[in-house]
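Some structures to go through are shown next.
The same chain A turns up in both complexes below, where it pairs with chain B and then with chain C.
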Partner chain A sequence: MTTTTDTPAPETAAGRPLPRLPWNKHLVAIAVLAVLLVPLPLILPSAQASVAVRVLIFALMSIGWNMMSGFGGMFSFGHAAYFGIGAYTSAWLLVEHRASPWIGMLAGMVMAAAFAALIGFLALRYKLRGAYFALATFAFAEMLRLWATNSDFVNRAVGYHVPLRPDSSWWWIQFEPASPNYFWIALGLTVAALVISVQFVRSRAGQFTKAARDDEDAAAAVGIPVMRYKLLTMALSAAITSVAGAFYVQYFLFIDPDLAFGSSVSIQAILPAVIGGVATIWGPVIGAVVMGPLNDVTATVLRNPPPALEFLQGRSGLDVIVYGTLLIIIVLLLPKGIYGTIRQRWSRR
Partner chain B sequence: MTLLRVEGISKSFKGLRAVDEVSFEVAEGSILGVIGANGAGKTTVFNLIAGALRPDTGRVHLGGKEITGHAPHNVTAAGMTRTFQLMRPFYSMTVLENVTIAVLAGGAAKRTARTAAAELIDRIGLGRWRDSATEGLPTAALKRLELARALASKPRVLLLDEVLAGLVPAERAPVMELLERLRTEDGVTLVFVEHIMAAVMRLSDSVLVLDLGRVLTSGSPQEVTRDPRVIEAYLGEDPHAHA
Partner chain C sequence: MTTPADQGHAAAGSGGVATLDPDEVRPTRGRTVPWLRIAVIAALVVLAVVLAYVRSGSGVVVVQAMATGVLIGGVYGLIAMGLTLIFGVLDIVNFAHGSFLALALFLTFGLTQAGLHPYLALAVSVPAMFVLGLLVQRGILAGAMGKPLENQLLITLGISLIIENALLLFFGGNPRSVALPGDRGVPIFEAVANLSRILAFVGALILAGLLYLLLQRTRLGTAIRAVAANDTGAQLVGIDTRVIYAVTFALGTACAGAAGTLVAPLVTIEPTTGSLFNIVAFVVVVLGGMGNVVGALVGGLVIGLAEQLGGIYLPGQSPLLSVFIVFVLVLFLRPQGLFGRSA
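Let's look at the complex of A and B:
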């Protein structure tokens, strides 16, 4: 191989390395966080513990979204499809076939991954990019919502109520309403999703996916089969988000087409990652920690508003207004999200 | 021995014939320069033989195997890699990561890929930028990065699209030396699109001239630059105008 001397080059900002946390430190941080959070539901009052569970559901949804839209660069506005498939598959198998929610969760992951691969194949085959791709994902989610609303196969608009069991059971994921077990299961699932996320990004497949996100033609030119890795990323992303749906059904014991496939669900998958930092490991988690309590606060304010805000009583939509305002603030002040901005500023010190 | 054979490839875009029955052959270990005015179809020919576009008619053979219309990653796997006219680094990655990805895509094991990429970066002369972000790198470094990434797949044929464009004369000479060494030391066959005639004259064993999507002529650099049709269509009366 040819040998040449280094090109003399002027000092520019390009000489700076990229801000990175070594992968093993991510894994250590996940393990430490998991251990620290285990006692949380034993400390928190039950109302706050349920907020914590909601935070974990948001995080799980958004970790899935971030894999496809952040690391993969394929902006999805239809992750409700995968959340809903997870929720409905689990609920249908439980109610109609007495299958454990764990089995339902696995089946939901397979179904969501297959559906994502199908959508991905169609979208990529016809070269949909950017806004067109996002609209296609939104359209598929809406299609599923309309199908579920009108199909006897899944109880039309009524949806499913999970039958209550007389006893607590890990196998059936049913406990006393204030049981810490719900939090621990959600924590376990979120930690697993985070570890998968870290392993994916450092893997050959993850690196190829990021290269294809940065420049698809250049990635293909170095020998990367772009379509294959994009579909793989979409399938993995959908499978993770479907787990959130399956767990949601067991926690809230109810699902209907709007709760499963509504566009607000897609927004709830997007916002934590955008708030925390898109295409970062920790962004979705940090964003969910911001969003979960906000969600609770807005619901409380609407239920029992303080005197100055009495006009809000009984109205809906405050959460959407708060999300929108928050999003505008984040985009203007922290365009890389909370974690992304902190990481960038830290690296400049 | 012919390594790359292109037979009558054509491509139209909405009725516009961008490439019209272009044929040429490249012998193993040789350097073919491709010249022509802007819009002559040079980059489209590259896109057709590298798999980015599918030809309407014609065939492309690499090492005796037909690769017409193969996807770009399959063309790379078959032994032919390209660079781009406008530099296209993986912007979220460092120089080392850019090249490591290409080494991995060539099938290398993960534990050895980083070392192989680092060696390649040093040999291409990018050592000082190895751990730098690609954003804001000078043009000369980005051009070398394109080369390093393309070489990572150990191609038999390297398609270079204006690899000298944007470089000041002092930066061109080392890149030309590098290309010559790639041919003599590594046996890489080069096909390069270039506007800088001094480079075409120095590097090419033969030159293909394109005009309005067709082959105007081909031959040795000396023959081509004396051809009145080439002078009229591309070089003008003063060949130094393109230097």
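Let's look at the complex of A and C:
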């Protein structure tokens, strides 16, 4: 739980004086945060350490989503497609071809980026906007789920188990269950994703993408090739989310079509960014820090419920009810998210 | 309120030509019935049936698929009518629609456990869902009216997560079922359909017809259509748009409730059953043209057929896959829907 106190503190201080171009300050904040978090798994008991890893997976997924839907303004309701492609590509290469998960991760990024570019091309070519765009992304994720569930090529509904190795190995991303290495790998990937998103937003491509988001016609009129930059954004976004999928498989050692492509996965990619703040660098991270532990807290409550709720013992679903309530409250009361609202307050002073 | 309306237009527009809401809500205004379009769709359906016959080589299989498809398609149509009504009037893509249906399923299950006939449960489920719809709209969604589309989408998503998982929490994930007393197979040509399926179809058509009459022939319906067409204008002539928004959402939810009770004897009752219907309803709504109530009914029949015939084309794959293929094709080729007319 130290993450909660660590994350916002350096950032709010960094984001305050110059809201216009605080980019290098973001990078400094990321570096400080990364260094501070390195000893975390050595301090935390192992149960909390696994929560920390889950937080990082959420953050990674949502950083990807935020790039396309926040900075790019293209609301995706189907990021499960990219998460699942990352998970399935690496699992397939590992199980069927004995390829290292690192190679699988890279292959998954390429596959997810290509798939996103394909969907993006079709969606932009046929000018899908708003609800139609969201529904189209949703439909593609669901089609992948249905296809994976009924195809022998990827083991149907059974999915893949990662074969266990006798020894620990960085090359195969496999350690004893409570090893801090998992956390460090996830931290490294998340930091890389954060750096990429900072660099993306301050780059020409990122600025063009934001311009196209805010006024597509104006952007096109000043000569920005809108289509190219939107596709680039989608591909990058998909690649980041696919890394979360590939890591998920190595951490939980198991994947099936619902875990990879289910609509709940898309929701998990959306929620952290919305809770933390859409189209901000730190929103997905803060949202993930809020969401990650909830699961554990509710599970504890349901394992030993208070007397009034005795009948709920051993049931599931409470965590998602809390997510849903949180989502509604945030959208109604803090539409800019936790970090977005705080930043706004600071810059107004 | 201009922003979401504009978005709706932009989304529905094809090649820069915007469709106007009144056309979407009331497509067959007597002026021009799109005969050509109906003929093309009918021809496509016939072609699909012929191809299915060629693929399977068995008449019985095709007739059975058609019977099942059309019968369930009527129910899809009823669900989608509620969804499309909400979209047309409130500009909300309602992800919670399926969860309202699931709620009605469990309500029906509870009432039949208490000894009520499944169809008498309609008398409870429809008013109950109507009231719930009113409460949800006034209590939660009213605060987000006029906000960007994504906000409303996320709120309805939150509502659906809460309802679905509350059902999971209180009832557990075990599948349940409702038995219809006196249910039996009824022969249709060479095929067989369950009586419950036929009654669900008939019930859905009757309710759809009532909803259509309500929209076309009553003061309330006129007001709803007026708000759909132009909410500022409607306000200027003295319509309380807040009431209309709430009533429309409640009507849409009541459609889901009615459909839930009607299909209760046909499906396994689980908290996630509703989301399956929700997916199909989205497809139907887009197919029929967002906001087009009659289109939703026709779209329901087409999707019911597509689902069943798709099972013949793609053996071994889930029937839903063919639904999505139709969906994606429609999204790309005719995003304004089969009947959404450009102004």
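In this text, the second predicted complex is superposed on the first by the 326 of 349 C-alpha atoms of A that agree within 3 Å, B and C clash if a C-alpha of one lies under 4 Å from a C-alpha of the other, contacts with A are read in each partner's own complex, and residues count from 1 in each chain.
The rule is short, and it goes like this: contacts are C-beta pairs under 8 Å (C-beta built on N, C-alpha and C of every residue); 3 or more make two chains touch, one makes a residue touch a chain.
All figures in this text were calculated on a predicted structure; none of them were measured in a lab.
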Applying the touch criterion given at the start, work out whether A:Ala80 contacts chain B, chain C, both or neither, answering first, second, both or neither. neither
Which partner does A:Val222 contact after superposing on A: first (chain B), second (chain C), both, neither? first
Give one of first, second, both or neither to describe whether A:Val191 is in contact with chain B, with chain C, with both, or with none. neither
Where does A:Phe208 make contact in the superposed view: on chain B (first), on chain C (second), on both, or on neither? first
Partner chain in contact with A:Arg129 - chain B first, chain C second, else both or neither: second
Contacts on chain A seen with chain B and repeated with chain C across the two complexes: none
Contacts from chain C onto chain A in the complex sit at residues 7-8, 10-11, 14-15, 87, 93, 140, 143-144, 147, 149-151, 153-155, 157-162, 164-170, 172-173, 271, 275, 279, 282-283, 286, 290, 316-318, 320-321, 324-325, 327-328, 331-333, 335
Quick check: in the complex, which residue numbers of chain A touch chain B? 1-7, 9-10, 12-18, 204, 207-208, 210-211, 213-215, 217-226, 279
Contact footprint of chain A on chain B as seen in their complex: 50-52, 71-73, 76-77, 81-84, 88-94, 97, 100-102, 104-106, 110, 119-120, 123-129, 131-138, 140-141, 144, 149-150, 152-153, 171, 174, 177-178, 181-182, 185-186
For chain A, which residues are in contact with chain C within the complex? 75, 77, 122, 125-132, 134-136, 138-140, 142-143, 146-147, 149-150, 263, 267, 270, 274, 312, 315-318, 320-321, 323-325, 327-328, 331-332, 335
